[in-house]
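Encoded as structure tokens, the structure appears first; notes follow it.
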Amino acid sequence: MPLSEFTFGLGILDAIATSPGYRVVTNNFVYFLGGAWYTIFITALSIAMGMVLGLFAGLAKLSKNKIIYGLSTAYIDFFRGTPLFVQIFLLYFGVLPLIYDNDPLSSAIIALGLNSGAYIAEILRAGIQAIDKGQMEAARSLGMNERQAMIYVILPQAFKVVIPPLINEFIALLKDSSLVSAITVAELMHRGDLVFANTYQATWVFGTIAMMYLVITKTIALLGDYTERRLATE
Amino acid sequence: MPLSEFTFGLGILDAIATSPGYRVVTNNFVYFLGGAWYTIFITALSIAMGMVLGLFAGLAKLSKNKIIYGLSTAYIDFFRGTPLFVQIFLLYFGVLPLIYDNDPLSSAIIALGLNSGAYIAEILRAGIQAIDKGQMEAARSLGMNERQAMIYVILPQAFKVVIPPLINEFIALLKDSSLVSAITVAELMHRGDLVFANTYQATWVFGTIAMMYLVITKTIALLGDYTERRLATE
Amino acid sequence: GGQTDNSEQPDVATDVKKLLVGTNATFPPFEMQEDSELTGFDMDLIRAIGEVQGYEVEIQHMDFKALVPSVQNGKIDAAIAGMSITPERLESVDFTEAYFDAGLIVAVHKDNQDIQGTDDLKGKKLAAQNGTIGAAYCDEVKKADAATETRIFDDIGLAFMELEKGGVDAVVNDHPVTAYYLKTATDTSIKMVGDIFSAEDQYGIAVKKGNTELLNALNEGLIKIKENGTYDEIYSKWF
Amino acid sequence: MIKVVDVHKSFGKLHVLKGINFNVSPREVVCVIGPSGSGKSTLLRCINQLEQVNEGRIYIDGEELTHPKTDINAIRQQVGMVFQLFNLFPHKTTLQNITMAPIKIKGVDKEQAYEQARELLRKVGLMDKADVYPGNLSGGQKQRVAIARALAMQPKVMLFDEPTSALDPEMVGEVLAVMKDLATEGMTMVVVTHEMGFAREVGDRVVFMDEGLIVEEGLPAQIFDNPKNVRTQLFLSKVL
Amino acid sequence: MIKVVDVHKSFGKLHVLKGINFNVSPREVVCVIGPSGSGKSTLLRCINQLEQVNEGRIYIDGEELTHPKTDINAIRQQVGMVFQLFNLFPHKTTLQNITMAPIKIKGVDKEQAYEQARELLRKVGLMDKADVYPGNLSGGQKQRVAIARALAMQPKVMLFDEPTSALDPEMVGEVLAVMKDLATEGMTMVVVTHEMGFAREVGDRVVFMDEGLIVEEGLPAQIFDNPKNVRTQLFLSKVL
């Protein structure tokens, strides 16, 4: 009886389309997309900041200068070792107001950037250490100073080595960015919470949110694979 | 006027000791320590589960068998790609009740174990791939089968290589474990939330919590350094 | 954030000052979000107060945890989020006069015949929302009978889900919130039992400690809207 | 002892072995020489089944390796292999490198395995390096440990793939001396090597490979002093 | 050209160079030989300031390297170094490996640097490998690129640290040929090597080092055929 099966199938689709949860999701889909966009925006800027900080902190941790080493160790220990939400609070309410008239969005990005910088520092440090000492010596023997050797020879190679853990970190950061909802930044997870609180449609709402995260993280992972392949030289 | 400065210093200490926030912390210190213990306990079990899962998923991702590869990719993509909160939620309210009469604590450990397993899989896979192919060939040429070669030759070496990213992941997991407070597991952050909600002493309460996390994560990092040094053979 | 500095000039809305208010919109029907708009009893109330006191009210949603530090640091002028007034909290912030007597109610599974009211809660598994008087009440029950288990959720929605799942025997919560849930949730298997109790569950608006100026202005506004009937209008709109 | 019958091996489109026929008698030492890329390593790896042949058969001691039912791991225990880059296990000491396979695979008693390993270390002149990690050994020492490790499984045949080409000239001697001793004791050996002195002195037979084929074979003196094939002549002129 | 005066160098408690005195005239080719661990590499690395001496002075072209005020980077540009393990930059093509330093440090115009690099590639016989990554070159090809890379900075002196010891015997010839050409063109060179044939044929002088000291030096023929020192005799007997 293929026909009855067909109508049965339609029946299920119908049931879904008229279920309250489905309506909640369709009503809020654009709203969620806006949140996803916010999430991507915050994460991208935080990554940019985290990469710069992580690069300097990672290099500093390799320094023979005790003070520079100590400062970067303290930075890494603190931002890797305390809960992100505490860091967000500390920066938003405590530190940043002393510096400028801080708003939630910029504070969120600064907090996430500082946090990811600590993880990225350790990743980059491991990558730099993985590069054969002979590379630095070859560069120095050509007359490059230490900075030039770092920029032209060591870092490009280190960067390639650390793509997989960097991708891990970017994905973790994307999801950690949901914590900035504490200070009113309306990113994806936050919007999910709000809609859930008003509708109690947990499965539909969080299912949709989860799928959106999945799409974004998979995109990041694929970009990572692509970069890795593009940098392959063999 | 050293004396007056001294008494001034005492005055500050006095002011602290009698401040309501200080009292909240001292009253709840043992309660927080209990939460820290809970957090350590949950994290340790989740790590154990994550290591086992991660090992199998990491190996599966290196398999030439399309089905095994596909399953492990799906597992990693899902648990790395969706918010941990959603996973906790899905397992606690959706999946686990179908299997057993699930309680929050065991559900939390299962959720965190599944989540960290996905990250650990990628870390271990990278570590295994970093081991020279010659090692597998040498082991095989001595008559070991693939399993023996993995266990006795490849994995011990891979493990050593991946200690720093594993430590990163353990620390991240420790802090992510605070998300299980959503299903009322009384770990450290949850207890902080409860005390805060009753007293509104954000700085004192979360400052104390942050210090406790810092102590635990630093301990993990030092254990990692120690293991790394112990496994050094040169 | 905007701040009140001059002495109030009641009923004159020409001198518009900004009043930044924080809330946590996950507590219907007091505060919630509908179609990207913050609505609910508290929202209408604070807007009404603003109107009579000459404020341009701007409301921000944030984490419950962030409300108090925001008030203390001047990120916002006041917080209204169904916050119950307790002596402990008064050490950290100042509250206006109570604007709502919530009262608690017990909710159980439909099939549950054991629990008929507050007297039957001892030794049972109880759930409540963190920071509510319901949570405090659960703790009291536990103190009286150590066999009682309390489960404190950050989100009341999850507490209800736990009750539907059968993970707890009862949810003790502010009556209006539970009533709203029963009205909204589809296919719910939860019912309310017993009478509303615990009259000391009163909501206040929080301001920075020592900001008596704003406190007085808000209290004044509260009295005004009670007198001119606005309060009753809002009340009947939501309950 | 070893019988290679009409073996073909391709990597993708690259046809590397193009029909190799080749026998090794018990106690014989065969040296394989030939230009880079001619397939010498691939041949050894096929004999040890690290690569699967596409065509042809390989027998060791009468058993067909290339038969799908053969237990490869059991046969590999009979065939010791020494790699160009040693491939010692860096996380294990010298003694552990040598005893791992006997203990874990053969189930030899620990004490007995250690006893035997010390014997082997004496043989290769490394008694004092028993508890050292490979990272702290010189190249020549590493290669001698690799030989001891292969010998610990008491193989019937030893395969060597350029065992000295990664060594400094001074260390080459140490390794060749150990191999010479093995040959004297009657071990069956196949040695891919660039050490023409060794091939001439120790080899019972020299096989010259080029482009996936055995081009010429014979007694060392005959091949080195009187190569018949033009390609052999050309190769020897470059290397000697 | 190079003047090394009473140089001492220790690593921690290990006294590696124990008072080296040593001169190289312009256009001279000096070959340094000696057992492993005798300090040959350390000496070269001191000349290139990859290691700092503990005592003594080193001059290149009259400038004292060991003076704290000297701009090491400027001097290193005058001294080309070729390593045993090539140390090519794996993320850059052959052409980029050669042109990186001239462009980034000397500020040579891109087109001109490429032009010069192609010239150098012709010289070392690798015209067709300009756009290949090091990973796809053979050992001999890698070492020739490394030489071209050092030459691109137009150094006055070239230092070679066992440039052929990591190569297969067949590839050694390629590299030695390039070095021979360089010597013929009049490049000042210091070569640490185990290739006694090269030292004999190309070297103007041979220096034998042992345990951190220069034990014997002289014309190649004299050192190889008629070593005076016992240690030199012993060493040559093992290597030749």
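Each chain gets a letter, A, B, C, D and E, in the order it is written, and its residues are counted from 1.
Everything that follows uses one rule, which is that a residue touches a chain if its C-beta (ideal position, glycine included) is under 8 Å from a C-beta of that chain, and two chains touch if they have at least 3 such contacts.
Being a predicted model, the structure only gives us computed values, none of them experimental.
Chains that touch both subunit A and subunit D are the following: B, E. More C-beta pairs touch across the A-B interface than across any other pair of chains.
Superposing the C-alpha atoms of subunit A onto subunit B requires a rotation of 180 degrees, rounded to the nearest 5. One simple way to say how far apart two chains are is to compare their mean CA positions; for subunit A and subunit C this gives 34 Å.
In whole angstrom, the spacing between the mean C-alpha positions of subunit A and subunit E is 47.
Per-chain CA centroids place subunit A at a distance of 18 Å from subunit B. For subunit A, residues that reach two or more other chains under the stated contact definition are 85, 89, 202. Listed for subunit D are no residues, as none touches two or more other chains.
Within subunit C, residues 65, 69, 72, 155, 158, 161 each touch two or more of the remaining chains. Here the chains touching each other pair up as A-B, A-C, A-E, B-C, B-D, D-E.
If you check the complex, the residues on subunit A that touch subunit E are 132, 134-135, 137-145, 148, 152-153, 156-157, 160, 231, 233-234.
Here subunit B touches subunit C in the complex through residues 20, 93, 97, 103-104, 181-184, 190, 193-194, 196-203, going by the rule given at the top. Looking at the complex, you find that subunit C touches subunit B at residues 64-65, 68-69, 72, 86, 88-89, 91-93, 127, 130-131, 135-136, 151-155, 158, 161-162, 165, 167. Across the interface of their complex, subunit A is touched by residues 48, 50, 73-74, 76-77, 79-81, 83, 85, 87-91, 100-101, 104-105, 133-136, 149-150, 153 of subunit E.
Of all residues in subunit B, only 77-78, 80-86, 89-90, 93-94, 119, 122-123, 126, 164-165, 168, 171-172, 175, 178, 189, 202, 206-207, 209-211, 213-214, 217-218, 221 touch subunit A in the complex they form.
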